[in-house]
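Two complexes follow with chain A in common, the first pairing it with chain B and the second with chain C.
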Partner chain A sequence: MKPVTFSPKKFLKELGTPKRHSAKIIWVLLIILVIPITFIIPEFIRPANLANVMQQLVPLGLIAIGQTYVILGGGIDMSVGSQISLISLIASSLMTDSPLSMVGVTLLCLALGLLFGFVNGFILKLFPMPPLISTLCTGYFFQGIAFALHKTSGGFIPVAFKRVLTASWGMLSVPFVFYLLMFAMAWYVLNRTRQGRYVYALGGNADVLEKSGVSCAKTKILTYMVSGLFCAMVGIYLAAKLRSGSARYGDDYTLLSITATVVGGTSMAGGLGSLSGTVAGTVLISMLTNVLNNIAFRYNLQSSYYKDIITGLLLITAMFFYRKRE
Partner chain B sequence: MNTLQNFVHRKTHPVKSIRSNHFRSVVGVFVGFVFLLIISYIISPASRTTQDFINLLKQSSGLGLLSIGQTMVIITGGIDLCLGSIVTLVHVLTIGLMNGDPSRIVPVCLIGLGVGAAAGIFNGIGITKARIAPFVMTLCTDFILRGLYMIYTKGQPKGVLAPSFRALGRLRVFGLIPLAVIFWLGISGLFIFILKKTIFGRHVHMIGANATCSTLSGVKNDRTIIIIYTLAGFLAALTALILTMDMSAASLNLGADYSMDSIAATVVGGTLFVGGVGGVEGTIAGALIIRLITSLLQKANIANWGKLLIQAVLILSVVAANSRKKRA
Partner chain C sequence: MLLEVKDITKRFYGVTVLDKVNMQFNPGEVHALVGENGAGKSTLIKIIGGTYHADGGSVLIDGQKVEINTALDASSLGISIVYQEYNLVKNMTVLENVMLGKEPKGRFGSMDLKKTREHVEDVACKDHITVDLDKYAGDLSSAEAKIAEILRACTNDMKFLVLDEPTAALDDDDVSSLFTLIKKLKARGVGIIYISHRLEEIFEICDKASVLKDGKYVGTWETSEIDRDFLVTAMVGREITDVFPIRKRDHDDRKPVIFSARGISDGIHFHDISFDLKKGEILGIGGMSGHGQREMIRSLFGVIPLSSGSLFMEGEEIRMKSPADAIKHGLAFLSDDRRSEGLAQEQSVARNITYPTLKRYNPFGIIRKKKERDRVTDLIEKLNIKLASQTQNVQNLSGGNQQRVVLAKWLPLNPSIMLFHEPTLGVDVGAKVEIYEILDALVSQGISIIMVTSDMLELLHMSDRICVFYEGEIIAEYRGETATEELIMSAASGKPAGQGVSL
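Showing the complex of A and B:
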């Protein structure tokens, strides 16, 4: 086995020409960023705030894992936001107080998430069109259904369900532990199983994959189903957290998940990138959001307006930074 | 690849066959529009008046104008997802800056058009010089512009239009045709001419059909693409001004649907996502069809969600049909 060495010179060279394992760069950037942030906003490193950040990054983190699968496979999922909204509404309108219904509705929602992902993939299997267009359209379709379901109130989620999903002990909370668990599973599947290799191969060179006797269409459908499953989890979690569903919960997550994935070093062309980079991207975005909220609170500004601008600029910068790689 | 074989064994000239296909699809779109119009007349006999048809034209004019830019962008193989935000930004800027003062009409309009063009240049530079995929770049711009107009209005748009500016919105040429329709059809005609008969138009089609080939033929791809996105931004700003003429107060939702509507109008009008095929003439009918469907849904009182469902299915089926055609 090769010994792991770290030389600053080599690192600087890598910074100039980011290569395959560029997740390292974003992690280093993250650690460097923490220093000025603690100077400007001392509250940032308080345990209570850190626990808050760790809980807030969970929805984006889960969605970004699914988005990474899809983008690694050479696709893109523009429908994640609408899927989240739709699932949150379905969960809130069906759930009742009995434990049986809680479990049943959760399972139903997860199955629906898989179904949505399957639809996305299956349309691409039937018709060779750009994934951008097809998922944009299915996204509008899901959004339409969500608007139709969202009549007057956002439904109802029992208190017990919320308590279970948002319980926390000090720094650790149920959603964060769940996120770590999901990340470990997704990482294992992507890096240690055959299916994971197929995903990389699908984005890298689909022709070769097809000629090696693996069904491209099946692999592609699976990546979209992974994305759909994570959307369903986040939809249920958001509905439980706010105890109602809404057709607007998922709005920001489409761009945010793409940003987290791309900032983490995954190439939009597919086949290049890693899940640990995506985690770094997620942490970066959540950290910036938290800092922004703190600053906005101090100066009495509306942080969500600035958040949009910063997300957009961050994605443009990341794309610009990684452009040389292709 | 066997592209060369296809090229040699094809019975008709490839460029000609694509062009005649496109001509057929444009005729098909207009026939489709007439068909839909007849259906709507059967459903609601009350709408069988000239005034109602003029209203339909007027409702379509904003979308049609905006979709000219989208059509050119899609012909080059890109997509522009920030047009709706440009419309809203220019709209709130116009009303906010004008604030009822007639002497400010001209400078405010120029500022609005400048803002639209600047957003377009920003897109174009990001796409060509930084090599960012068009949809990512324009989606980012969309978010940035959304942040900007929310900061400018603080969530509550203010201001009023100058009375003489609003009078322009009520103006009817020959006592019948609104100014907006004249603008729409005139500018559409101009761009049909530019795309079909000028060298610039040829370049736009060439970049969409084969970017490498066009570079090798001496076309300045980057410059052409920047011009296209700038024009798209400029036309979006013009659309915003024309829509603003009719408004009594500023609205933050004005542009919300326009990005998707313009994509739908363009695709229904026979412009292909693969690039290099399409034109503004089909988009005119595309805009009419989209607005007719919207008004039918409004009559059925399901406009807010029914529109999303129908447009999604419409775009998907048109693109799916074309994708099969392309493959064969």
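Showing the complex of A and C:
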């Protein structure tokens, strides 16, 4: 092991010229942003609010992990929102009060998530086309099924299920701990296993990967399956939290997850980026959302539109900022 | 172990690229595979490497037929290929690249990173390969990248190593260190198949040479028994003097200068370039690729903006902000990359030909079909383009015919200066001859040509004057008839020998 030394000069230099896979910039930016925010809106750092933010960021955080896998592999998953919505409706339609049903339906939904991801990847294996188009299409497909199941929100989720999934102790909550766990696992797979390395190679230069004797198609399918699995988790979680499913739950998450990933320094071209950056991107978006909500509450404004504006601006700014690196 | 290809045949879209090719490669031998562009060398290699599948024939190892369907099959049989194209993942380190696809397993599904490193360091040490394993592939020089790819090949238990144009982007020093490495591998018993366009390299490093011509096997010779001219004649299939038209080069000082550049640079790729172009001459631009020629010729056509310097047309300063400006001033540009810069591949020949002239012949933006057809028919006849119909897609034409379509596109504009970048890239010999004749005809009509080329024979035989680029500057200038390959090569590697003709 190399001794860990810290030199401020080197650190600043590294910030000026972004290194590959490094997420330092976005973390530093995040910390710098926290300072003025705490001055302007002291409510932000209240423990209750922080606990709130930590819980609110979980769905986006999980989806963004999956999206990062896909984007690192040179793809993009435009169907995450629809997958979340569809899973939430399937869960709320099938679940009953019995514990067996709760476990069974959860497992079924996770399996379906993997299946949806498999479909996304397999279509690209069968008909090579831009993933932007193919996943947009499957997204419409999933959303269509969701609307066919329930035009508005509906279904039923037992109270007990909600209690388990949303339990909290002080600052910590079940979803947040789950998120940390999932991040750790996803990080391990991406950075310490062969499959993870193949994801980077797939996005970096698929030709080289294929010539190294690794199936690109398989690796690609894997990335979409990871994304599908996280969509299923979030679908179940949102259904439990609101005790019903809806064909609209996932709507925001497609663009938000891409933004979190790209703001976190992952290149849209694939092969370059890190999960740590995606976490920072998620925290940044969740923090800004929370702050906007606070401001809106103070001045009695409608906040959701401003949030959309900010997300769009954030994504474009990030793309502009990182363009030099490619 | 003996590697053999037998009766290998390969067709693409009905065109036979390899026709019953037979060859034998021995271990501990450096075997050159030579032939012109499009002779089928790379296709043969890709069949051995499992990228393509042969339509007929077989690959044999020690007389046994083997199936090679994927790159993995090839490497498990001990065949490693270093392709001409860059084959590394830029955002991964050398170590990660070298071991991609064969990382040793550790605990919990992880990779054993320590074992990986030890293994690679072992191999590197054994074959005396020095390259920084922790550098990102994207930060490597082209020589280092080649070395890294060879290291990757060495980590397989390799019996045969195919090097496809390994020296195309290397300078002299790098070439000699590559040769040292090749000699070591050869001494270890590895059979090496060496593809190169640089014939002097073949006589330096190779034991045998096999020639492919138009997809057919011509023969194999010991390099000690043949000379350069023999090899060239075998490759081209005719004497060189038959390929190139006999050009009369009169260096008449009274010929008016039509176009000149004074101190132009783009700030990155080329600096302080000055030259004069006379009416009706071919100015050849040579040098190793990647020394700024590509960018320079594009900046003359307004594709790449100039950061300083000025251009003059018949003594008047002109500004080139876009290709539209350049066309207005009477320039035409034939790119080396027809696929992306020359032709709309999936559109018809007729459409491609009339793009630059649409504005001129069709007032109010309405296209007059019949007139268009007549004009296109005219040009097709004049340039002898062979095609099924005007509405045929460009992509199905041969390289030579495609190049003629590009010419047909520009000629109606009556350009006074034509910029050629690799005019005969991907074109077979027959078509080459015709393109050279066209070039000669254009010049005798008073059109001036600037030609950037990496084809040494083309440069020597076609140019009235030759400027050699080195690191973005003109390092030497020679008269076409007195220049030799040696003079140009040494200038291209930064050490001009003798005096060129002053400007």
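The criterion applied here is as follows: the second predicted complex is superposed on the first by the 304 of 326 C-alpha atoms of A that agree within 3 Å, B and C clash if a C-alpha of one lies under 4 Å from a C-alpha of the other, contacts with A are read in each partner's own complex, and residues count from 1 in each chain.
One rule holds in what follows: contacts are C-beta pairs under 8 Å (C-beta built on N, C-alpha and C of every residue); 3 or more make two chains touch, one makes a residue touch a chain.
This is a predicted model, so every value here is computed, not measured.
A.B. asks: By the touch definition at the top of the document, which applies to A:G213: first (chain B), second (chain C), both, or neither?
C.D. replies: The answer is second: A:G213 touches chain C but not chain B.
A.B. asks: Tell me which touches more residues of chain A here: chain C or chain B.
C.D. replies: B
A.B. asks: So in the superposed three-chain picture, is A:G204 touching just chain B, just chain C, both, or none of them (first/second/both/neither)?
C.D. replies: It touches chain C, and chain B stays clear.
A.B. asks: Quick one: classify A:R194 as touching chain B (first), chain C (second), both or neither.
C.D. replies: In the superposed model, A:R194 contacts chain C only, not chain B.
A.B. asks: Touching A:L272 in the superposition: chain B (first), chain C (second), both, neither?
C.D. replies: second
A.B. asks: I'd like to know which partner A:D97 touches here: chain B for first, chain C for second, both or neither.
C.D. replies: A:D97 sits against neither chain B nor chain C.
A.B. asks: Per the definitions at the top, what is the overlap between the chain A residues touching chain B and those touching chain C?
C.D. replies: In chain A, no position sits in both the chain B and chain C interfaces.
A.B. asks: Would you pull the chain C residues touching chain A in the complex into a rising list?
C.D. replies: Per the stated touch rule, the residues are 49, 51, 70-72, 75, 83, 87-92, 96-97, 100-103, 105, 108-111, 136, 138.
A.B. asks: Using the touch rule from the top, collect the residues of chain B that touch chain A in their complex.
C.D. replies: Contact set of chain B toward chain A: 79, 126, 130-133, 135-137, 139-144, 146-148, 150-151, 154-155, 260, 263, 273, 302, 304-309, 311-313, 315-316, 319-320, 323-324, 326-327.
A.B. asks: What part of chain A is in contact with chain C in the complex they form?
C.D. replies: Per the stated touch rule, the residues are 20-21, 188-189, 192-194, 197-198, 200-201, 204-205, 207-214, 271-272.
A.B. asks: In the complex of these two chains, what residues of chain A are touching chain B?
C.D. replies: 123, 126-130, 132-134, 136-141, 143-148, 255, 258, 262, 268, 302, 304-309, 311-313, 315-316, 319-320, 323
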